[in-house]
Amino acid sequence: MVRIGLIGMGRIGRLHGENIANAIAGATLVAAADPMLNDEMKSWAESKGAKYIYADAEELINNPEVDAVFICSSTATHADFIIKSAGAGKHIFCEKPIHTDPAKIIEALDAVEKAGVKLQVGFVRRFDHNHKKVHDVVASGKLGNPHIIKVTSRDPEPAPIEYLRTSGGLFVDMMIHDFDMVRYLSGSEVTEVFAYGNVLIEPAIKEFGDIDTAIVSLKFANGALGVIDNSRAARYGYDQRTEVHADKGCVKVENDRDDMSEILTAEGTESAKPTWFFLERYTQAFIAETIAFVNAIENGEDVPVNGHDGLMPVYIAIAADKSLREGRVVKLDEVIL
Amino acid sequence: MVRIGLIGMGRIGRLHGENIANAIAGATLVAAADPMLNDEMKSWAESKGAKYIYADAEELINNPEVDAVFICSSTATHADFIIKSAGAGKHIFCEKPIHTDPAKIIEALDAVEKAGVKLQVGFVRRFDHNHKKVHDVVASGKLGNPHIIKVTSRDPEPAPIEYLRTSGGLFVDMMIHDFDMVRYLSGSEVTEVFAYGNVLIEPAIKEFGDIDTAIVSLKFANGALGVIDNSRAARYGYDQRTEVHADKGCVKVENDRDDMSEILTAEGTESAKPTWFFLERYTQAFIAETIAFVNAIENGEDVPVNGHDGLMPVYIAIAADKSLREGRVVKLDEVIL
Amino acid sequence: MVRIGLIGMGRIGRLHGENIANAIAGATLVAAADPMLNDEMKSWAESKGAKYIYADAEELINNPEVDAVFICSSTATHADFIIKSAGAGKHIFCEKPIHTDPAKIIEALDAVEKAGVKLQVGFVRRFDHNHKKVHDVVASGKLGNPHIIKVTSRDPEPAPIEYLRTSGGLFVDMMIHDFDMVRYLSGSEVTEVFAYGNVLIEPAIKEFGDIDTAIVSLKFANGALGVIDNSRAARYGYDQRTEVHADKGCVKVENDRDDMSEILTAEGTESAKPTWFFLERYTQAFIAETIAFVNAIENGEDVPVNGHDGLMPVYIAIAADKSLREGRVVKLDEVIL
Amino acid sequence: MVRIGLIGMGRIGRLHGENIANAIAGATLVAAADPMLNDEMKSWAESKGAKYIYADAEELINNPEVDAVFICSSTATHADFIIKSAGAGKHIFCEKPIHTDPAKIIEALDAVEKAGVKLQVGFVRRFDHNHKKVHDVVASGKLGNPHIIKVTSRDPEPAPIEYLRTSGGLFVDMMIHDFDMVRYLSGSEVTEVFAYGNVLIEPAIKEFGDIDTAIVSLKFANGALGVIDNSRAARYGYDQRTEVHADKGCVKVENDRDDMSEILTAEGTESAKPTWFFLERYTQAFIAETIAFVNAIENGEDVPVNGHDGLMPVYIAIAADKSLREGRVVKLDEVIL
């Protein structure tokens, strides 16, 4: 039984806490911490079985009854909590991204390596039944070598403007999932990128130099080509499709739907909308990534999404941003430290 | 080159005439006849290349330049034209049904057999890419023995009440296609039927004792079970689906659609409607059945839908009608002459 | 917080127990009982938080800390446990069917009524996202009056022959879910049935007079017609489709799939199989029915599937069985007590 | 009745000839020409009703019984035949591309304008039921302004190496259709492009500097972004999908399939393959474009795909080629004459 301490009781932290408490046979929630700790958080943590509840995450990290930590605090704090947790000999699950500064990520990864603990990064989409199927078919080799990797990723509605202002921009906040996805699906590293972007949805984001619509082309070390399109407002739901073309054919996935119905009338044919957003679409994937983390600890195996996997998408995001601003192809070598 | 004479220049006659003139490489339209012959028909027939145009079908039948006749006149005349055409040594394509009276059909089939000419009956749905695929998969044996045969057949809108009044009733006018289809798909003969029917669409048809909605259960000689549902008004288009369950799995077909689009908005997901009606849905099937007929003549092979195939669905329709009226199972043996 | 006692710790009992313990915010598992109680069951029940664990269900029923019971024991015991639970003033969730003998069901329903407790019957499919969508669209009235109700229900593989021998037969063991479904979808009562059945999968079941393949036609009080097809072995997964045709069009649902992938190669196009069986397909529905039960208790509202809903499908099953054996239509009036 | 003269009796020429002879009510094939004229061509042309058959296309162009010409000869000859046909006052349908040299296209368009005849270019995909639906939905304005235009276009198998050697390269030979498509769907002009390409299918094409796999990003005058992916060998059929994301949602089309079947077994779920190649997929579109051309002549209306539409995709192809070779964004202004 892996005893888990949760750092951060915001939306994503509670999601993980609920899963650990209810849906993961091999884990238990023993502690929770949040710098903004209040009665409501305390009551929630107690109801999930946490014996220790802190305002100070370091106390949680140093609690000997905690085997592993889930870092679900704000992005800027991730790397430091990784370093402290590694120092305390705890296994670590960290929400993405580890940091927006690669130097800081490298520092954290070094600490993890030195401590010999496990670090898994929360690229949850790898655990989705659909994208995993695409990956598994490609990885099986039965389609031969990949030629083209395509990822469509579109949020249903834009996040609030205040969130967007400090999000780090579309590439590092949103497309970072897709940069991970193309690495996962292609089984290869991105070597260069070219980015087009525009503000077509929310004019206010122009003020802070962000975009809301983007198409990024990519080149991979294995010769494959890729393309990602992102939008902050699909309006019809969460558009999450992936597609790989290879020597012998292709594998692709459509969106999940709310149900499998069709209503046919003289006016037309109506089917259900794509699942609304990530909480609904990736419900099972959030559970699956935690099971994988717990299993890796219990069986002494490698985690399925490691520190390197946490670092590379940040480099790609930085390269994409540079490409957009300079209007040219950017090679990954230009940005890798 | 098979020289064809067309009897009947109504909607279905012209459809066949157009196909013979334009779409069938091995056939040519040499003659056309219609008892209501008028200038408009003459002009149409000439434009399709017909050299001989008659009011009297017998003149067409006896024209030595005619190798084969297409009987597209009113149902009541089919059997007599078959007998006369057979007598003149012509091959015959006859629209369904041959007749509503089995005794008359048998008389026609006897004439065909005596003359040694070919007779193909116009069960056009056997040539549809979808239903043919279901048939071919079942006939290949790769799914093993069939267990359940399901046919859904629903017209988009009811025919005019005047047409329905003299149509012979839902079973012989409409479901007859489905009685043929279950024989085609199951590869077996129907041994008994049970029919439920009701008037749920057009109250006026109660006056002449017809129904507009029906479910018919069937038993086959090979032990399989079947069910057909019919409606005179699906409203959303022509609902034409078939499905066979067998030892190792099932094969089923969805409706063709006007296009393969999806429109996704906050309001919902909209796709195209099923193809509207038989002229649109079975366009290619009408051509394919004529090619099959012409090939059978040219290669001296059996036609794919013969006189027996024309007779059996009429028996099943009679049994279904008897079942509905008497509220009981009717064995085919009760109605077979 | 509704305190629940679980009677029966077999497969379905544990499924409900897991849900109550982990997935239902308003309920808690306080007690569990099983006549075959062993250490493994005790350990399981403890891990789910049960404070009281019994071999004798009556002790559970009479425990004042139990607000409601879940009856998940063998079918023959359901009615008696209902009567005892009602006598003890407990609310009752009972797995289907209540009993195979309508007289015994009526006795149980009388006890429930007298006690003024709630009784919900476990027709879980009503809570499936797909079938519920069909129901909701029909119930909204936007398609007008229903004409045809179609239910396809096919298990992936036959249950063991020993199970089938004592199952009560296909109609009462398997199709009973579909008899409930047609009532749910049509919003009307079945007035008569006609059943065809055969043994096409497992010859051994002939010995005890059962069937493995069936088509049942139904007539409803509102004039609609219906058809259900069942098979004990679809082979490709759990085939669970429903479809309602009405005045203005139709609503239908396809099966859920393991994922939304397509693999396209020169050999063909491959998509995922339908979800394998009821545990996978109805995972969320099992949770939803328990939430509905708990909410009904907490809010003092009617349960969504009541005792009458538990009784009627048994009558229809009896009528279907009679129809199959006597080869004729059976009116429900013939079998209703 | 528009009297048409056909220049070129190769595959595409005969396709148009067959359609004119059989499927276009308002047109007739009166003449045909081919520099390689042989007995087989003569016999074919006669069977289609051509009264005049020439080796020299100029004789056809100058025949007073010819109202309009179909230029289906080799690409290098298109522009000169346009100039001559315009000089003779004939309306012109010309296969794509008009020429690979924009200067030559401009010369041809000038001649057309001076003569006041109609010129339609054979971008047949605009007449496909699927892509036309995407266009019509976008053009209706009901989705608002377009944000992202996506085109996937993949041939089933590579053309013979000898063909590819002289094809002009992937951009001008194959992706030119897609450059037309993005203009058609976006309702806007392309302002810049960035191209990635590679040789992943047929190493032999490296010898002449071509590619077989490409992803091209595009920017439009209206602010929208676009992406096209091409492959010479999809293997599974002809992959022809388009998709437009806009303010209020998206419209997208899946591939047509050979049929609408599904075969479900324990091994998996199999559906039909996408329609094989352009002759099968665009059968109806080839007829529709000719009907549109004939109607434009008869009604004195504008043709739906004019000379400007013939010129612009050639510019985009030249810019894409330049982008690929120079590894940078290329603005259309750089290549427009």
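A, B, C and D label the chains in the order they appear, each numbered from 1.
Note that a contact is a pair of C-beta atoms (placed from the backbone, for glycine too) under 8 Å apart; a residue touches a chain by one contact, two chains touch by 3 or more.
Treat the numbers as computed from the prediction; the structure is a model and nothing was measured.
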Centroid-based (C-alpha) most distant chain relative to chain C: D
Selected pair, greater C-beta contact count between C-D and A-D: A-D
Where chain C and chain D are represented by their mean Cα positions, the distance between them in whole Å: 57
Separation of mean Cα positions, chain D and chain A [Å, integer]: 42
Residues of chain A whose C-beta touches two or more other chains: 234-236, 239, 248-250, 262, 264-266, 272
Chain D residues touching chain C - in the complex, by the definition given at the top: 234-237, 257, 262, 264-266, 268-274
Residues of chain A that touch chain D when the two form their complex: 145, 147-148, 150, 154, 194, 196-198, 200-201, 213-215, 217, 219, 223-227, 229, 231, 234-236, 239, 245, 247-250, 327-329
Chain B partner contacts - residues on chain D that touch it in the complex: 22-23, 129-130, 133-134, 137, 143, 248-256, 258-266, 272
